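I have a structure here, written as structure tokens, and I will follow up with some questions on it.
In order of appearance the chains are A, B and C, and numbering begins at 1 in each one.
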Amino acid sequence: MNSPSISGRPHGGDSRSNWQALWKYRHFYLFVSPFFILFAIFGLYPLLFSLFLSFTKWDGITAIHWAGLYNFRLMIHDELLWRSLWNTLVIGVLYIPPMLILAFLFAQILNSQWLKLKSLYRAAFFLPAVTPMVVIAVVFSLIFSSERGVLNYLLLSINHLLPFLHLQPIHWLDSENWSKVSVAILVVWRWTGYNMVLMLAGLQAIPIDYYEAAQLDGATAWQSMRHVTWPLLQPVFRFCLLLSLLGTLYMFDEVFVLTNGGPGTSSTNFGLYLFNLSFTDFKFGYASCVAYSVAIVVFGVSLGINRLNRRNSEVA
Amino acid sequence: MNKATKSYGVFIRLATYLMLTLLAIVFVFPFYWLFTASFKTQAQIFVTPPHWIPSHLMWSNYTDLFQQTNIVRAFFNSVITSAGSVLLSLFLCSLGGFAFAKYPLAPGNNRMFAFVLGTMLIPGAVTLIPTFEILVHIHWINTYWALIVPGAVGAFGIFWMRQYMSANLPDDLLAAARIDGCSEFGIYWRIAVPIAQPALAALGIMNLIGSWNNLMWAFIVLRTPSMYTLPLVIYLMQGEMSTPWGMLMAGGVFTVLPLVIAFLLFQKQFVAGITAGAVKQ
Amino acid sequence: MIQTSKPTRLASFLTLTFVALALAGCTSKSSVNAPPLTTQQAQQPVKGDITVWSWNIAAKALQDIAPSFERANPGTRVHVDLTGAEMQTRFMLSLAADVGAPDVSQLQITDAPHYMATGKLADLTAVAAKYQSDFPASRWAECVMNGHVYAIPWDLGPVAIFYKRNIFSKYHINPASIHTWADYITAGKKIVALSHGRTKMLALGVSGLADMFEIFLQQTHGQVFDDAGRIAIDSPQAKKALDMIREIHNAGITLDINAYGQEWMAGFNDSTLATYPGAVWLGGIIKDSQSKFAGNSTRWGVFRLPAIQRGGVHVANLGGSVLVIPKQCANKAAAWAFVKYALCTAKGQLMQYEKESLYPSFLPALKSHVMDRPDPFFGGQPVGRLFARDVQKIWRINRTANWAEAESYIQQDLSQWAAAGMPHDHLLSTLAVSLHQRLDVPLAPASEINQPAPEVQQ
């Protein structure tokens, strides 16, 4: 047989050589197939089924009823949905700034050359991130107990020492005003160490020469932090922020165990709301609709933020 | 002047140590409170002023825990499901990661890998209900499979293993093995896996934390007490009206301890595992 | 050459784990096709273990009667499982998955219709229909859906007024003189005036509004849903119920605290509140709280629910629960035998009443002399008899499958209404429309519900 190039069809024998290439790399396809098989069953199919369910009414047990756009219209009237999104926002605003500031502070200190017992401190701050949330939430419900909790005991003791502060015991979990704060405290405690480790990795990736150069230029510690650390740590910060925002939206264990969304619906975040919609009320159709809509909005928003970020970094 | 800045520096350091230690105590306190409360009676747990140090170690919470609850069975269930999902996920992710890293010429490699990364954007909240329905139909509800298989191959795990193997697995070594007559799976199993051990450790630990602590999915798919895992047993111990706090605390210690011990032993790998997540971006 | 020992060990561990998994996976089999319950079966002797899910006092009551059931039915064993938090949710999950449900489960009466509508509960009609006349008609109706019996009534929640004897005698008020809500308000005003506002008549916080609304709706014979399941809440009866709430609220005799909260409980033992309108089970909560606070001097009594007008009804029901058997139960005969023993015999229900104060809904039990016993806690009053009066006249509320959901929306809208100062506006018409939107249930035609409120007579 002549060489294919002479025949003037550079891709001659196309299908056959394609099959040959596929056969040659059969191991590749075999090795990656588990992912694609499992994704097809537990990812793609659910994604499509969920989309279909968004247009139906279904309790997961009796027959599925086509509902058209009913679910989407329902969302507009669903006060609890909006309330849960609002609560999510409030909880996020309450905990994300203190958490990121603390995490940055810890990372900065743990990154100092002179600090001894580093791994001990790191362990102390990081331990919460590896412990089962359910246990921690149970312990916090003891600590937050309004009549006999340690926290209120401390408040009263401080008030005893410094009466002019007028500290009162707080109904941490029983009051609609404080329940979000309690959740926020728990989340700060739980996730600061995690963010600290991420930032620590970011700090360690900054070449030491940069600081030396800054020092040669006579920069103070504050200036080198402001002009070296801060800009170089921005991507890590942004990542932590994004992770925390998504985490707040879909957070479940923390709220489920500590307050179960209460009192009333004062600490129900979106994750708990969606869980209740799905597995307490068994409104599979409507829950799918809500989950889809929020996921699409979140996707769009993060895409927008990403684009904005890129434009900013291009300008800079 | 030099002296002044030096003593100023010492002062700053001392203050830093003081603050750091104080905060470390705050962060460790809930663990301490959990541990000590597990040795207290119900009354002692709720006494004001609080007993900072238990007057004597009361073991009855632990004996009650072992006699009145399914905690041993739950521990076993937790071990099985966690070990199962960690091992299965390590196996499949490293296999996939190996393939993506080491067969760059396979047609479709890049496009398929991009697809894998794309699946990371799907939030679990959207697929929760259909996944439950699938498990109902294949009769996997109330089995260990329900906790192990659906999340077995994560896109992130594949990405993580691919990156590591691309960087640390020399092509020459693979070529030499092929010449020696080693099968493709043999190359993966005998060469890639041993070399990738640090990456496997980090990924395994991430998965371990996730599966050992899993409450929501366990709540949904585990239906009978004989199948409950530790987090579920702890959660359900909180009765509607009367919670056996001492016993609950003992159960909490029992649940937390394995991970805390593992963490203290393998702190480096834990930190690597968590930092792995940051590469995601 | 290449070190292989580690992966090999790993491999054998993997294999072992999965063998163990496969074995364990086989142990839980669903029994969806468990045979239905027949009358013949119910007459034969039963055997086997049954598991019951229940909570709190109710669970204790079942534990109390289990030994005598086991003695009467040799070869049976009853495991009452206080399975803890979110029991009903987990029960529904088990129904949806056709696996893991107990043989018998407790459900709140208001939630039961939702479970009955799933078609996953055993049809008890063949064996239970004959007990219909042994229960208050309203309660029995709540256990029936489309003509089939799916649940058996357990405890009943007749409502009366719990009052503090010491406060009433201090201000010279005779509870026997309170026949109507107008009398009740007059007495309340007197107490508030004489105590200089320190003692209020009742707590009416946001969370208690739905209960009050339901009491008045029963007293006016109103409905949220009509017999066809359509929304019928925009009715003269419901309007009257709102008027009653407003009248009580505007009389200045209420304290704005939430029912079942800490403050509300604390009120049991001080003189901030003179009365607590509540169902019979509230008595248990009050008694229970007494042991937790030392040295209180409250002496309690009970008087009947005031009527809306003289000669009107003095009864209403709040809460209560039922027992159900899921379709997937493998030993329905034994499960039914236990339910029958616990709920359809005077002996079973009275044992639970005496030990755990679970108030029977089984009418023969209410006829028993046990109900006439004076209760020392309530100053020697035979309160059991007081609550038993006229239970047959309790108005039947149509509980649809979406009742619990509707209730939560009503609660939401009522609290907004209260926050706005309980205006005389179109709460009911907007509530009807919003229920229509949120539940996707049609509105009943105005011509059918807009009849003037009948003078409901005793």
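To be clear about the criterion, contacts are C-beta pairs under 8 Å (C-beta built on N, C-alpha and C of every residue); 3 or more make two chains touch, one makes a residue touch a chain.
These figures come from a predicted structure and were not determined experimentally.
Within the contact network of the assembly, the step distance from chain A to chain C comes to 1. The interface with the largest number of contacting C-beta pairs joins chains A-B. Note on chain placement: the centre of chain B and the centre of chain C lie 42 Å apart, centres being C-alpha means.
Annotation: 16 Å between the Cα-based centres of chain A and chain B.
Within chain B, residues 132, 220, 235, 238 each touch two or more of the remaining chains. Within chain C, residues 86, 93, 96 each touch two or more of the remaining chains. Each of the following residues of chain A touches two or more other chains: 60, 147, 279. Chain C makes touch with chain A in their complex at residues 86, 89, 92-93, 95-96, 117-120, 207, 261-262, 405, 412, 434, 437-438, 440. Chain B makes touch with chain C in their complex at residues 80, 83-84, 87, 91, 132, 135-136, 139-145, 148, 177, 189-191, 193-194, 219-221, 223-227, 235-242. The touching residues of chain A, when paired with chain B in their complex, are 18, 21-22, 25, 27-29, 31-32, 34-36, 38-39, 41-43, 45-47, 49-50, 53, 60, 102, 106, 109, 114-115, 119-136, 138-140, 142-143, 145, 147-148, 150, 153, 189, 192-194, 197-198, 201-202, 235-236, 239, 246, 250, 252-253, 256-257, 271, 274-275, 278-279, 284, 287-288, 291-292, 294-295, 298-299. Touching chain A in their complex are the following residues of chain B: 13, 16, 20, 23-24, 27-28, 30-31, 33-34, 37, 45-50, 92, 95-96, 98-100, 103, 105-107, 109, 112, 116, 119, 121-134, 149-153, 155, 158, 184-185, 188, 209, 212-213, 215-216, 220, 230-231, 234-235, 238, 245, 248-249, 252, 255-256, 259-260, 263-264, 267, 270-271, 274-275, 277-278, 280-281.
Within the complex formed with chain C, the chain A residues making contact are 57, 59-62, 67, 70, 73-74, 77-79, 146-147, 171, 174, 263-264, 279-282.
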